[in-house]
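Just below sit the structures, each encoded as structure tokens.
Next, two complexes with chain A in common: one pairs it with chain B, the other with chain C.
Right, the complex of A and B next:
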């Protein structure tokens, strides 16, 4: 009887696994989003908040009006770009964890526009270019280390995040410092800023930079021979070699494009984010921190596809924007950190199909272990009786 | 029914319908006895693999059950099946490449958190190797071993679990005749010891030489369950393909007899310069040893030059050297007078080389890619598919894929279907189609029909013959001796990186070939 139950149960799990792995990627991401929100709700409930009210506040704060939507989009802008960094390199078969550092270096490079007097238009272009080039250079070092010395890119990009962070902090405090305000860098001059797109919000023309770059990446990856080579090398390096694809080239290209995206993300912040248009040094670069890592989550949920990333960045941007509303929501002030928990839960939930698959094994081994313990304790008792 | 209660396992009314609606098996009932070798025959897609996967716990049946004398059994994983005593050796191996043979075997015994006693495992494995006669190097990572050796590790892995039922999926497709004999000897020995065996194969001759009973599947239905003694090769072939295989003008005969009759040859023009000229080529293998040792050969337009030999005697490295995947340290190789050594595959393809690679999953295809994306691998930079600014001409590519699907009978839902959703035969047809569509000067075909059913293999062989008749040069490397003998106009026997003999296939009898492949006879009189 119990055996019969066990069997039908494992069949159920198998069925669930088949259903989950057979899901269209879009539904898998949606499911992960829902699971993440449910876990957040559970925690809110445990801590005595009303999850229903909190989520209403959050989503109202994220998407209820044009001001809210604009705020969400403005938070999505850097995430789109750092997510692209991660997914381009993943498509090429590498884990580029370095968006964080590349973004900071890009931001510092963009600030350099303040050193020259350039006409409007040209100033923006130069600023964005400087940032893109700086980001690319910052990501090329790990790329070359990988190609020449075989240093694994995960290690080197993480290390370069730290080098970049402290380098930018140094530059902010000592080199690019605003003589009048020692806690921050020079401010981007008025005519070099990315104009505000929706009056009264943080949303600037940076969104066009991000969307254009996403579309560019989409066309490069799926409609050009170069992108074809990058994807082939990422999925099967041996077959790529057989197909005459030089994987060193695709590696470099992926890192360059990825670094450019992260650098641009830095530029959209310093050139497009009110009110300071500068890098704050105090507290360790607060505006620039974590955007690179959040981008990885955005990339995962967006299935490493540029179009998916646009949607998932809007969702994550909404969580961040709405979270601020949620924490000030009168009777039910859920702390902003809850949003981070939801984000983390979503990333974990992305692996649900695999978890379901291993569940029967875990269960069986657990039962085996318990059986072992029981036998051991039985033996011990017997031994105790005889003595 | 006379043996009603002496069976070891009885698969009863097994039906399998995949989630996409494909009916892989329909009401198949098979009894498996101890002291018996069963041959499971059928074309690709006939349901052989599905059937064995159900037996070995990889797949649950949609309907039907498996019964042992003690009642019904049901496995939810291969491990449960192994614990029961059913082990399977798959066609595509499940080995950890960086582990040695001993470690791989030890790993298969591992339970979560249990200790691995490597010394003990090695000792046991050595005893098992002695007992079974299957020998493999124990201290080399298995990825450095030849495919045939890797298979032996797989068999050892399963044998070490003391199985009562051993299922082998296409075990002979990678072995040499001598190794096949050894394997069959081992199988017979196991049978006598009381093990039941199921042998999946396409090779009629083999299935007849070793099995006691033959089960034939066609399109998921059990169409024959016959005793081996009372049947003929023709009858089996008929059961398997459902109709007599036609013997067209150019078709290679169905391989039912010792050496099949040659397809008609166009006499190649050997006075013209050769298409492929190789002189004193030496190359190192992955381990750093010289595996190709001063090979010289000429392949002329309009001939098939076959290389036979035990796998791991330098054939792979020779092919890789000629297709840009390996840089030899010595020698000359030219195509129509132009050097190809040390050049990138990209450049070599432009010079007119088509390469049908040995391992279609590892080299030939990017499995997650679609049919269309795979159809341009290696030619994606050619003007035909590449527009200005490097944009891919998708409409042109899709049209090209439809042409390939038509011409090479690739069965798929469309150019957008992922390559991994195709059956093995269709995957290989896709590769062959892609390569032949280049209209190459020379086709380098390495194990072009490995693991394919008769229909697909025959189709591909005919394509090679057709290319030959069009005046193209073909270099054929195959572990399937019958295939090399049937197709080639000239053959070379390769042993330890050298050619033992180069001659017309008629000039050597099988015994002599066997000896040459084993490196036993040095043929002075065959100096060409």
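Right, the complex of A and C next:
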């Protein structure tokens, strides 16, 4: 073998190694997905369901045909956006778990479009803009509380989730209420709705809003100086500060973009998800609840990357769409809530970077502990002898 | 507002205070050692559910014990992930919350009752009749526990070890303390209190389980911890303030005149939390190593 051959071979190996390490996150996400599904299966088994049949029903309901896939994508739309909310702030080094409240406020703002008579096209744009602005405002208050008063964003965004929920409930019942039907808000007028994209399914033009925003975030974060600063501040805040990056600006930018995404998510639901086209107040805003938290799961599995999020949202959207089929599946109707158990288990598995390495450590520490006990008992016995 | 109104308001706020104080004091133990668990909401929910089932089978004491056991187990797993697993604590907590929401909602439906499950009267912790009305004995536990934990953290050797592990794990490690084991023990002990709080809600206070039973109390307890600056006695005060505002919200809802829409009253405790936290944060200090997994250099 000549020297050149050897060199090219080692380059090949290095390339393969690099690809493998590059794929490592993908494997980790897949592993977490499998762990989540297994835990779900275990629980279903314990409660007397047949997990195998349930998952077959679920995945058939999610991906078996064009209708199913379109439904899955329609469920993925708000998840893409709320996942972006979480990810962009995490990229900037902060935990914005306020997508839940920002989404509700955005939805209420989008309903305001029903108050004006606007031509088609303009109406959609105004509705989306209102929602984005409302979401951004709801997100900015925690950002300012963090910058001015040092309030941790986890605490403030959680509080704003609850305040937002009650505010939107109030608006739905008293201000934006449909005079004819007191249980819901005004309905988005026909010409202001996001049109259905695939006839007979729930999939609307909202998917374009979500994908466009994901691409926008990708472009901003990886192809602009400001985005570079946001990521630098997230990776190492003190180094970024020494490097002249103004962390206040990156914080505000991340929260504004995140809030806009969550607000838009609310808009895609009230403007684009048939048959409601309005906010229902009964039972505490059921259509708008938990999408923010589900978005965090999507973001984690998507490795907080806009493109990863698109893929992972399709998976979680499929879980949700398929779960709706699963719960009515003949002899084995598993409640839809199963899906959230799987999501929680997936997030738990995602949070453990050393999932595989945990076992030897437990064994080693256990042996150390037993050794300590043995020595202590030996000492006690010796003490007893000498007395 | 009559004297009776004030008494009943006080009674309701004392009852509402218990879960917040117990959870907050438990979290203080964990945070002193350096673990930040935002999965408290989930722990409350699952232990309320498990506690109710346990009480149906074996009576109130079994219910409370099962709640504590569930709290301990979940916190143990959380601590294991956060120490040996080197996990991101925030994400683990979010995972616990998601899992709990699904688990309890699923469990309630799978066991037959869609949405809620009543705890039979005989299985509830008996309330004592006092001049103020029926009071749960658990209020005494919530009033005493902060003092016990305060004494433990400030006056015992074990409490100092916890503090060392949270402040400067490197130094504690050199002094021969096993950081990870101490953190796991602290979080598990804290989890016992959170589990007790959860079981209290279903077995002693409300007498039922719903999928939304915890209603943000885990998060309010977190805010209360921030407000207290890891001082259990201030956590007791904070817990009482939050309990009082919840009671006020419920009370104003029952007024025939409805001076303000009830949604705004329900918002109040969260707004107060924000005000308290943004006012109080300037002077509180947290352990340096809070939220960071310990890695030996």
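The rule we apply is simple: the second predicted complex is superposed on the first by the 328 of 387 C-alpha atoms of A that agree within 3 Å, B and C clash if a C-alpha of one lies under 4 Å from a C-alpha of the other, contacts with A are read in each partner's own complex, and residues count from 1 in each chain.
The criterion applied here is as follows: contacts are C-beta pairs under 8 Å (C-beta built on N, C-alpha and C of every residue); 3 or more make two chains touch, one makes a residue touch a chain.
Here the structure is a predicted model, which means the values were calculated and not measured.
Looking at the shared chain after the overlay, A:225 reaches chain B, while chain C stays out of its contact range.
Contacts of A:133 after superposition on the shared chain: neither chain B nor chain C is touched.
By the touch criterion stated above, A:246 is placed in contact with chain B alone, chain C being left untouched. Once the two structures are superposed, chain B and chain C can be ranked by residues of chain A touched, with C on top. In the superposed pair of complexes, A:238 makes contact with chain B only, with no contact to chain C. Applying the stated contact rule after C-alpha superposition, one finds that A:340 touches chain C and leaves chain B untouched. Contacts of A:174 after superposition on the shared chain: chain C is touched, whereas chain B is not. Common to the chain B and chain C interfaces on chain A are residues 361, 365. For chain B in complex with chain A, the touching residues are 19, 60, 74, 76-77, 111-112, 323-325, 344-347, 349, 355, 357, 362-369, 373, 376-378, 380-381, 385-386, 389-392, 394. For chain A in complex with chain C, the residues that touch the partner chain are 43, 47-49, 95, 97, 145, 149-152, 154-156, 158-160, 162-163, 166-167, 169-170, 173-174, 284, 290, 293-294, 296-297, 300, 335, 337-355, 358, 361-362, 365, 369. Of all residues in chain C, only 38, 42, 80-81, 84-88, 90-92, 94-103, 105-107, 109-110, 178, 180-181, 211-212, 216, 219, 222-223, 226, 261, 263-264, 266-267, 270-271, 273-274, 277-279, 281-282 touch chain A in the complex they form. Chain A makes touch with chain B in their complex at residues 7, 10-11, 14, 18, 22, 223-226, 228-229, 231-232, 235-236, 238-246, 360-361, 365.
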